[in-house]
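So, here's a batch of structures to check.
Next come two complexes, and both contain chain A; in the first it sits with chain B, in the second with chain C.
Presenting the complex of A and B:
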């Protein structure tokens, strides 16, 4: 059964892939976000999608200040607590 | 708890200050533009050193004050790509972000100097939450939906909240640059009006003279898409391409205003299509009351159509739904934070929250006007003032009225108004020519008794702050032509005896000398200037225009 962390990771990876056009297979959770080539607008829009999907309130800086997908997932999990 | 809670609107435009007392009551609120007499007061601090002295009637050196701002954070400097997905250009965005950042970061420094206060920690609140709380304060209901739509909030341009037992819970907020507010600013620019000084009004007024054209509507509606009630940037085509294509329809400098009429009508029609989508989404929450806030809640043309089409029992718009009003929202949130409550206090709905014309020095000023003004008559009408003014209006006089406390928000609601008889077909042109100096096509507003609104308008509803444009009943159109717009509508103000007893009495007296209790009410200013703030401002309008007289409290000054 998928854990909550896995669900968030999968969701994030799919969204990042959709916005960046980088295949999911090339987006391991420990990949540096700055190497993916997301624009500021991409990050803003993904932030909104996270907020809606997991019914949480997140700060716009969550992704901007994170180095990897894993780090974002940790912050999202914290917001859900 | 502190003695007072001072909210400062820190957007970089429309600065304002608002004061809430220790009981959670909004006791003072005023936009800085009134004090400095500069429209929208771009870049001017909300705690302007002299304006802040206006609070002296409430606070003294012993008062403990809590300051608050109307954003979660400063915006900083935008990236070079900022204009790529936005209606505004990169340079416009940079200019606005710089002003917001400077205003936000400096907010409160004058309070320290001029009120000799330790400012301490400043509370910061989400921009849209400030809009929502300000709106709910003056909405006399305990539950409903509160929709905030503006140019830009902390993360996007729209938020939807549930109001339950006077407490707000956010349902969603939009993220990113899809923005109906900045769309309207861009549209205003396309019509060759200046969005920076709030000329969106001109687009709304002009729309009645044009027809939506299919090719313009089809193009403009691609610029935003609505999904699950939220506005997003265009999906299939770059906004930059849409903006470029739209240039073919723009009005060029020097061209006749009517050249932009179809563009204005098309732009307003597209705005309405999007709002319809958002409100259709809101329908699923099955609430009876809708509370609208944010700058887009000033679109009275659209607002007037909501109640009859979407099944809400009541639609409320606050007196100051734009960023000036956020000063009040922020001050109320500070009070709620310290009172440890999520319940928004309920105000008394009065918009008369600004500077009192009867404040310190008023007698001396009036004496100077009498002694040195060179006017033909200065007389205290006392309790007869409503009857006397009604008679003079019926004789065709155009009179500026400055009574009591100034209105909070963009509308003159009888305390800083120019009044006239709406029965004369030539009155509109007369006021434009002699007093206001504005474009002839723009409409003037009617004021009517709240209890009689259904006698005069279809789709009748209260409109205490001129937030709704409604269709006149057909038989009224010929009776009050000066306040009927091209499309047979009027952006009405309704008054009752509780909120403005003098205006209510004036309407009663006017009915005795005319056939209907309807008076033309336009803001007491000249084109390009904010509404008058001081007696000196009022006298300047009197002597530099064709205004016949000014009533200061009950003292009538006639040429």
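Presenting the complex of A and C:
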């Protein structure tokens, strides 16, 4: 069964892939976000989609200040606690 | 994170160049197109948010900006223009301090700083709403427009709050006061060319939101002085000492964390190359206190003459966007500190660790609990 962390990781990876046009297969959870090249608008849109999907409040700066997908997932999990 | 379209400046010399460099502009234009894109992608109406952004002084450029700036500075931007309000400020200050006079222990932010500054700035600007909570929410949200990464949730809240604000403020008459004409009344009476009534209300709303920086700085400054020890507290009763060291106090307690600019063309500043469209975040805390410094509110306080002489800061910005309320802020700070410390010479902190706001752009104490007497 998929854990909560896996569900968030999968959702986040799909969204980052959709906005950055980088295939999911090239987005491991420990990949440096700075190498993906998301724009400010992408980051805002992704944080909005996370809020809607998981019913939490998460500022775009959380993604902006994170180094990897894993780090974002950890912060999302913390927001849910 | 340093992504494709962002740079972070942490060096003071570079920050000084970047903040007023002709090739780096405010993000107003990009924010408008950003709002358009969000409206399209999320099927939202953000018309009133766009109106506030268009009239946000920090985002404005050119003749329209200059003309409004001149009018505001003439009306309330100089010490001379504030003189007619001085008796009113003094009376309001005494009244605000009277309200905490019987308290043994109080939160100075909620019991004194907030109500005092809200009253005098609302009166000076001519802004009121029936529901003070709604007004506070509206101004807090307007202030958030400075955040370079606005959550969609916040944009929806802004649209609702600004819609209520415009409906109410445009439907009532602004009262004149005994001390002078409030800014909004003055600007509606003789409109600046290019501004509708709604534009003018949006502009004054943002000016009010800008004065929240004074609330943050004042709270930080009181924390800073009270935690500086008895000698410093004793000095702060003197108007002369406060005036002499005001710029240093502002430097050490300014609330701005980051300022963002956008490159309008490819340019080189110092050793850094900026491409057209890139966002530049100026990390004000790192530029002023160094990259290794932790939160300045946690630092051990140094009060030797050498430190006190350090007055170099960019707390009010630089160049054509230099803070419209800078003189107002200094005027008020120089009145509040001596009055407060004269009345409460034994004031001390309940907790020596600052209770800081969780905010990406603002560094300020959220509460300031003090024992007012021995």
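Criterion: the second predicted complex is superposed on the first by the 81 of 81 C-alpha atoms of A that agree within 3 Å, B and C clash if a C-alpha of one lies under 4 Å from a C-alpha of the other, contacts with A are read in each partner's own complex, and residues count from 1 in each chain.
Here, a residue touches a chain if its C-beta (ideal position, glycine included) is under 8 Å from a C-beta of that chain, and two chains touch if they have at least 3 such contacts.
Computed from a predicted structure; not experimentally measured.
Clashing of chain B with chain C is the outcome of superposition onto chain A.
Of the two partner chains placed by superposition, chain B and chain C are both touched by A:57.
In the superposition on chain A, contact of A:37 is made with chain C only, not with chain B.
In the superposition on chain A, no contact is made by A:28 with either chain B or chain C. When the two complexes are overlaid on their common chain A, residue A:66 makes contact with chain C while staying clear of chain B. Note on chain A: of its two partners chain C and chain B, the one contacting more of its residues is C.
Annotation: chain A residues 39-41, 44-45, 47-48, 51, 57, 60 touch chain B in one complex and chain C in the other.
On chain C, the positions that touch chain A within their shared complex are 1-6, 34, 37-38, 41-42, 147-153, 279, 360. Chain A makes touch with chain B in their complex at residues 39-41, 44-45, 47-48, 51-52, 57, 60. Of all residues in chain A, only 33-34, 36-41, 43-45, 47-48, 51, 57-61, 63-67 touch chain C in the complex they form.
Residues 79, 81, 84-85, 154-156, 170, 172-177, 228, 233 of chain B touch chain A in their complex.
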